[in-house]
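Each structure below appears as structure tokens.
One chain, chain A, links the two complexes that follow: it is found with chain B in the first and with chain C in the second.
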Partner chain A sequence: MKKLFRLFTKKENSEQTEHQPTPIDTDLPQNLTYIKNSLGESTDIVIRKFKIGEKRTVKIAVVYTDGLVNESTVHESLLETLMSDVRQTQLSKQALNKGMYYTVRDHVLTAGELDELETLDDVLLHVLSGDTVLFLEGETKALCVSTRGWQDRGVEEPSTQAVVRGPKDGFTETLRTNTALLRRKIKDPNLWITTQAIGTKTKTDVAVVYMNGIANEKIVKEVHKRLNQINIDSLLDSGYVEELIQDETYTPFPTVYNSERPDSIAAGLLEGRVAIIVDGSPFVLLVPALFMQFFQSPEDYYQRSDFATLVRLIRFIAFFLALLTPSAYIALTTYHQEMIPTSLLINLSSQREGVPFPALVEALIMEVTFEILREAGVRLPKAVGSAISIVGALVLGQAAVEAGLVSSAMIIVVSLTAISSFVSPSFNFAISIRMLRFLFMILAATFGLFGILLGLIVLALHLASLRSFGVPYLSPLAPYITSDQKDTILRFPRWGLLTRQRLINQKNIDRENMHKPKPTSRSPKKGDSS
Partner chain B sequence: MKESITRYQFISLVILFEFGSSIIVGLGLEAKQNAWLVILLSMIGGILLYWLFTRFVSSYPDTPFPQVLQIVAGPYLGYLFIWVYIAYFLYIAARVLRDFTMLTAQTILHETPLIAVSLLFMLVVCFACYLGIEVIARTSELFLPFILLMGGLFLMFVFIMDLPKIHHLQPFFNQDIGEILSFVFPTGVTFPFGELIVFTIIFHHLEDPLKSFRYGVTGILYSGTSLLIISVTILMVLGPMIAMNSTVPLLDTISLVNLQGIIQRLDPIVIIIMVITGFFKITIFFYAAVAMLQYLFRLPRRDSKGLIGFMGILVIILSILISPNFVEHMKEGLDIVPIYVHVPMQMIIPSFLFLLLFIRNKRNNQ
Partner chain C sequence: MKRRLLLLSFTLLFLLTSLTGCWSKRELDEIAIATGLGLDKTENGYKFTVQIINPAEVAAKTISTRTAVTTYTSEGRSLFEALRGLTDKAPRKVYLSHIRKVVFGEELARDGISETLDFLTRDHEFRTDFHIAVAKGMEAHDLLTILTPMEKIPANKMYFSMQTSSEYWAPSLIIKIQQLISTILEDGKEPVISGVYNVGDIKRGSNLSNVEDVGAPTDVRVDSLGVFKGDQLIGWMDQLQSTSYNYIMGNVKNTAEYFECKDKEGSITLEVMEASSNKTVTIKDGEPHFNVEVSVEGNIADVECQIDLMKLDTIKQLEKHFSEQLSILFNDTVSDVQEDFKSDVFGFGDLIHRTKPKYWRTIKDGWEEQFPEVEVTVEATVKINRTGTISNPYEFKKEE
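Moving on, here comes the complex of A and B:
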């Protein structure tokens, strides 16, 4: 298998030659021609040339990309100040003597973020990122003003991981908005954000966010190391990063957690995990991700603890139902009829009398049909949605039974599986169950209960062998850590959650020292009454 | 990176290993009414034997067992012992595999060919050994609560149904002490307690190898007590004669449970216990053999796919050739193997090695 992949992945590295950056020329028109040529005279690039200074002697050019800049910022703090305000204000002799470039840099531009560029490649990168670049005649440096401001989706309620109670804001496609959403939740100087650009063509900003002093330094280092190893031309979604930094490729289980919810990511950061935000994707990654994390929803912490524990148990049951219901049905009806109560067995066999297929084929037909329906449902335009649901109900319903294709018990099995697989709060985790279900069905059809049990053992072995950024995937169940059981299957009341998870974080373990709230005594103290 | 095993993991490995096959076929049932005494005495004997096995690790905590063998017995004799133990572990793995394929065929897969069952079982065992002892230990930790839960359910339902009858246990001491001891030695001590010799391979993976005796004894006490309770329950339910002659007394016991027609046919409980504990028993024996071979050939774990696959096929063939039918297989297992295989491997060779170790330590101290 790996050899096969290597065949496709092997590539010659000879064509990559070191690209020499072009410096900025003193001649203004030459610089502008270079920019025009490199961008193929693209129509969205705006180049505005004019002259400034008291006697209008200094030639200047402003370059920006239309649509990526905030028009009003460009007009007010750049063009207007340069063209009219400069002449009206009396600048000191000293300032003027230093040269027009320094005057503009130190006295004229009112923008908050200012940068000096020395090569034309940098200029191109900044122009294409939405910054505005100023060229002055006779200077080998260009001024870069941050004027980024493009049309984007506002902060909306996330479409995945919906909650009944809890914050309703969701990440957007803009990196800055996303970091701001996290800062709004954690106003601590230890929330550290480092950014780097990945992708030789897309130059996508990728931010690594962690709580300094809480996050395990080894994991932070490991994240940086793996991100630096990425050598790819395009990075369009955080899914790319997830696939490139995960520990194990050949596994159906996700070893990187993703969420659209700032509260979920903030909670992860406070536990000592590391978040990775990719510009252009509302899905923020969180590592290390453990098996048990995929059974937990942010809402567990907003509802009462007893209810949260109950819901988690239900998710567990649903996990096993989604995984094993069809295979258990196949095993019982094919191999172990003696394990079914007699009256039920008679019912089942009378239903199956008219069905021409063995149980496995019957189950496969229905499961595949359901998977097709689900896939169709995701891609459909909303207007056609209701039509599909009607057809779906017919295919997966009484009509299928009456046509003699499947037994009605099979309908119940498929529906139970379908509903259970939607319970998982994490979509990518549910996918792994969907895939494994078919393996278990084949095992059940060939070896019955024995096959299912061996399948479960293999599953457990595989899960136990996985690691996410060095942390065992099944912890704190295996290796068993007593102190972490408070927030694994159970969810203790808040005053019981005093320590952070042990394997994720090793030094800053204590959370705030909360005490069990006690109501103040109702009867006034003896001393008070007098 | 060295693979390491925590305390819980080691104890759960010991417990599941002890449960393997003995919980299914019943322990000490041949002793009829005195089964409890036989198990108790066997357990004490087992702890003494286990103390002997841990002597080597307390002198050389971080050294793999094959290397200890070569240090203690000298390079040539040690080399011989390594091969003897590899053969022993493989043989027992094949025996247990045969046990379990037979039981599976008898209980659930009546028409599936034996070789298909053993092939699938061995495939999983090989996969586990390829992943290494750390993963096996974590998996055991994960499955132990389920097995305990299943055992608890078994006891609960049997007692709710009021199936156990105390008169099946009476009269006490109807056999003389010599007869009782004949059940304790060699059968009771060697199976399943003496088989813990296989854990000598694992000791140096423990986080604190010096505590291997304490952890192991905890495991033996838990598993021994559970086995005692299960055996006595089976005896009280089925009566001594049926219990002794049944191949799977646990299954016969649970099939009697029928609570108002709602809770009945609880056979899956026994099947789950059987497959999971059997898996761990075979895996640990097989892992021990593989680990010793890896040591001999200086093979890293990730490069030993071929070796594991080859040994796996060997065990399957061995398990089929071992005996022509079930009756002969059981007869061998109960009468011949304990005296001629277990006793030399679990008592004579370790005692001899311990003697050598003792002399060696004495000489070093002077």
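Moving on, here comes the complex of A and C:
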């Protein structure tokens, strides 16, 4: 196994060859040829050559990628100003004396973001990122104007983690939009965003966002460290980053939280967590992620606290139901019949009369069938979806029982499990429950309740051994932190949530000091003065 | 290293689960759920009768011509031998955890039941929450073959009617195995076990036609208590005696008490809501004297004679009258038990043991002979709390 890993890592290393950056030549056509050759004369690269200056002596070339730039910006603030406006403007002699390059840089270009590039590799990167690059004859520097603007999806309601009450905006595939969504929520100078490009081929922008002064510096440093260690050719989704920076690979549990919801991420930032936004993915990562976090929905904080607490309890019940219902059914019906109430036992055994398979096989058939249906439901085009649900309902429901393949109690068990596994607000957490369920079913079939208990002990040990960016995964339950219980299983009213979580945020503990409002004035009682 | 360890443990886990098989695994359709157990005596051992549920029939939504339960009987020199002997008759292995009722045949009970108790508690499949009863004047086997209406499972019917009647009807009593064993083992206390018997023809009762009849000609009754001495049944108390026994032991929770009206024709019935008893012992001249105070609280439930219930005086008089009547009944019962059974079912010896242990040591050995002679006074106090939703009885004019 280890050798296999090494094989892969070696390959990756050999792919990356050290290469000297090519400087920009004074000869304009040579630069353009280089660009053309590098890009294989790709058709979406636009190279526009023309001459400017009073006597039209200075050769100039504009390079940009069609589709990645905002056409109107390029036309208005670049081509138009260069080609016509320059000639009409009276520039001071001083400005002209410095040379055309400086004139263009300091007086002509009206774009907001301007950069100077010295190597052709940089030029390529910027051109491919949607910037427009200007070459001037005889200069070893190129001017890069930010003209990024492409078709994107726009802010829509997130398709996952839906809430009844709360903001409905969701992240998009554009990094800038996503950071803007966060800025819109937190207008604090301490919201710091640093960006770096990762991926030797994709050069994907990855932004690390955190609240300076609230986030634990160690965690921020750790995030940067792990991101810097990433050496990969492509980064197409935040899932790549998640896998590359998570603490433990061999665990079914996610140690990185992801969300499509800006409010959820903003809340995480304010708790002192660190967000990682990957360009091209609407799923923003949040670390450290704790076990309890996956039971919490952003809506918990928008609804009244008593209701939120109740809903959280339901999620816990659902968690155990999703994990243990089939295995408990198997264990009870094959090993511990004495634990089933007599009348229920009679009903169960009457249903099992004539079922050809042992309870485990019966359960596996139904669970696997359900998983297949679920997977099919995700992949199928929407038009076929309803057909599948009908087939699924009939196959899972009546037909299987009538055909004598499974007992009807098993249908209830499977459907209860299936519904329960979707209660978790986080989809990737539900996946881990679903995987573990099969393990527990096998344990139950071999050792009965004893096996389930053993499995739970091992599971608890495993969870206790996990860490997410140095924070124990089970905190604040283990290690037990009394003051953090206010927002773990229970959700205290706002007046009770005055401090941030201890382990994630060690220094800036206090949130704003809120006091429970009291009715200010009542009708004056008898004897009250004034 | 770590990875290798992980791999190793996964391999071991896989082998462990796949190679070991599933020891003691039983699917639901491989077990025969027993609800009732009957133990009878034969010449050289025991007759073991189990009432097995036929799950498909019990849970059936349509009426079928099969019975909901089946009984299997086997004989053996010991109970466990007899149990295993069942496997050549029953198609599945008998599963004993859901036993609701264990019935001893009267003959076995008269011979002594202590040998059977070992098996009933030693076997790991038994839960200890089943009720114990003695088949009055019959074999336990016959009793278990009677089909009952309402409850499809006869053992359940016995279980539940005993459960409800012990709550609402004074003569019945629930006995469970732990309690029985400790009573047999204790000094100065003898057990009672409730009796079960059939009314009607047993042959008819085991046929499905029995439950097709509205009246169910053959049925099972659970009143009357069997008096034991040690582990042997020595006689039966009648309904009144059973009632008094339960009052004196403080077992009564709720019941109906019938009284003749004083000086008038008719009756008054009291709904007893609360009853308690307090037993004390005093030693006079080296002889124990027992005093039992039974206090009964209740509401008037049924008046069938002309009295003025609106007067406080009447209520007082009634209370006095009821107290006297009950006292007479209780005293009679105690003396009957002393004379007829000579068995200390009231646990008077145990009372001395607990309150005057030194004195108990001196009389312990002769207690069995001494018990019929000891002086016992039972005093009942009745308190009437409410008179129901109407005040005075209706004054209907009767044609004479």
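General observations
Please note the rule applied: the second predicted complex is superposed on the first by the 506 of 530 C-alpha atoms of A that agree within 3 Å, B and C clash if a C-alpha of one lies under 4 Å from a C-alpha of the other, contacts with A are read in each partner's own complex, and residues count from 1 in each chain.
Assume a residue touches a chain if its C-beta (ideal position, glycine included) is under 8 Å from a C-beta of that chain, and two chains touch if they have at least 3 such contacts.
Worth saying up front: this structure is predicted, and the values here are computed from it rather than measured.
When the shared chain is aligned, chain B comes close enough to touch A:L453, but chain C does not. By the document's definition of touching, both partners, chain B and chain C, reach A:Y335.
By the touch criterion defined above, A:A387 reaches neither chain B nor chain C. By the document's definition of touching, of the two partners only chain B reaches A:P479; chain C does not. When both complexes are overlaid on chain A, the residue A:L461 reaches chain B alone and has no touch with chain C. In the superposition on chain A, A:A359 makes contact with chain C only, not with chain B.
Of the two partner chains placed around the shared chain by superposition, chain C is the only one that A:Y250 touches, whereas chain B remains out of contact. In the superposed model, A:A403 lies in contact with neither chain B nor chain C. Overlap of the chain B and chain C interfaces on chain A comprises residues 335, 338, 448. Within the complex, the chain A residues that touch chain B are 335-336, 338-341, 447-451, 453-454, 457-458, 460-461, 464-465, 472, 474, 477-480. The part of chain C that touches chain A in the complex is made up of residues 3, 6-7, 16-17, 20, 22, 24-29, 31, 33, 35, 53, 55-60, 95, 97-98, 100, 125, 127, 156.
Taken together, the chain B residues at the contact with chain A in this complex read 6, 8-9, 104, 108-109, 112, 116-117, 120-121, 124, 127-128, 131-132, 135-136, 138-139, 141-143, 261, 264-265, 267-268, 271-272, 275-276, 279.
In the complex of the two chains, the chain A residues touching chain C come out as 1-2, 250, 333-335, 337-338, 342, 345-355, 358-359, 442-443, 445-446, 448.
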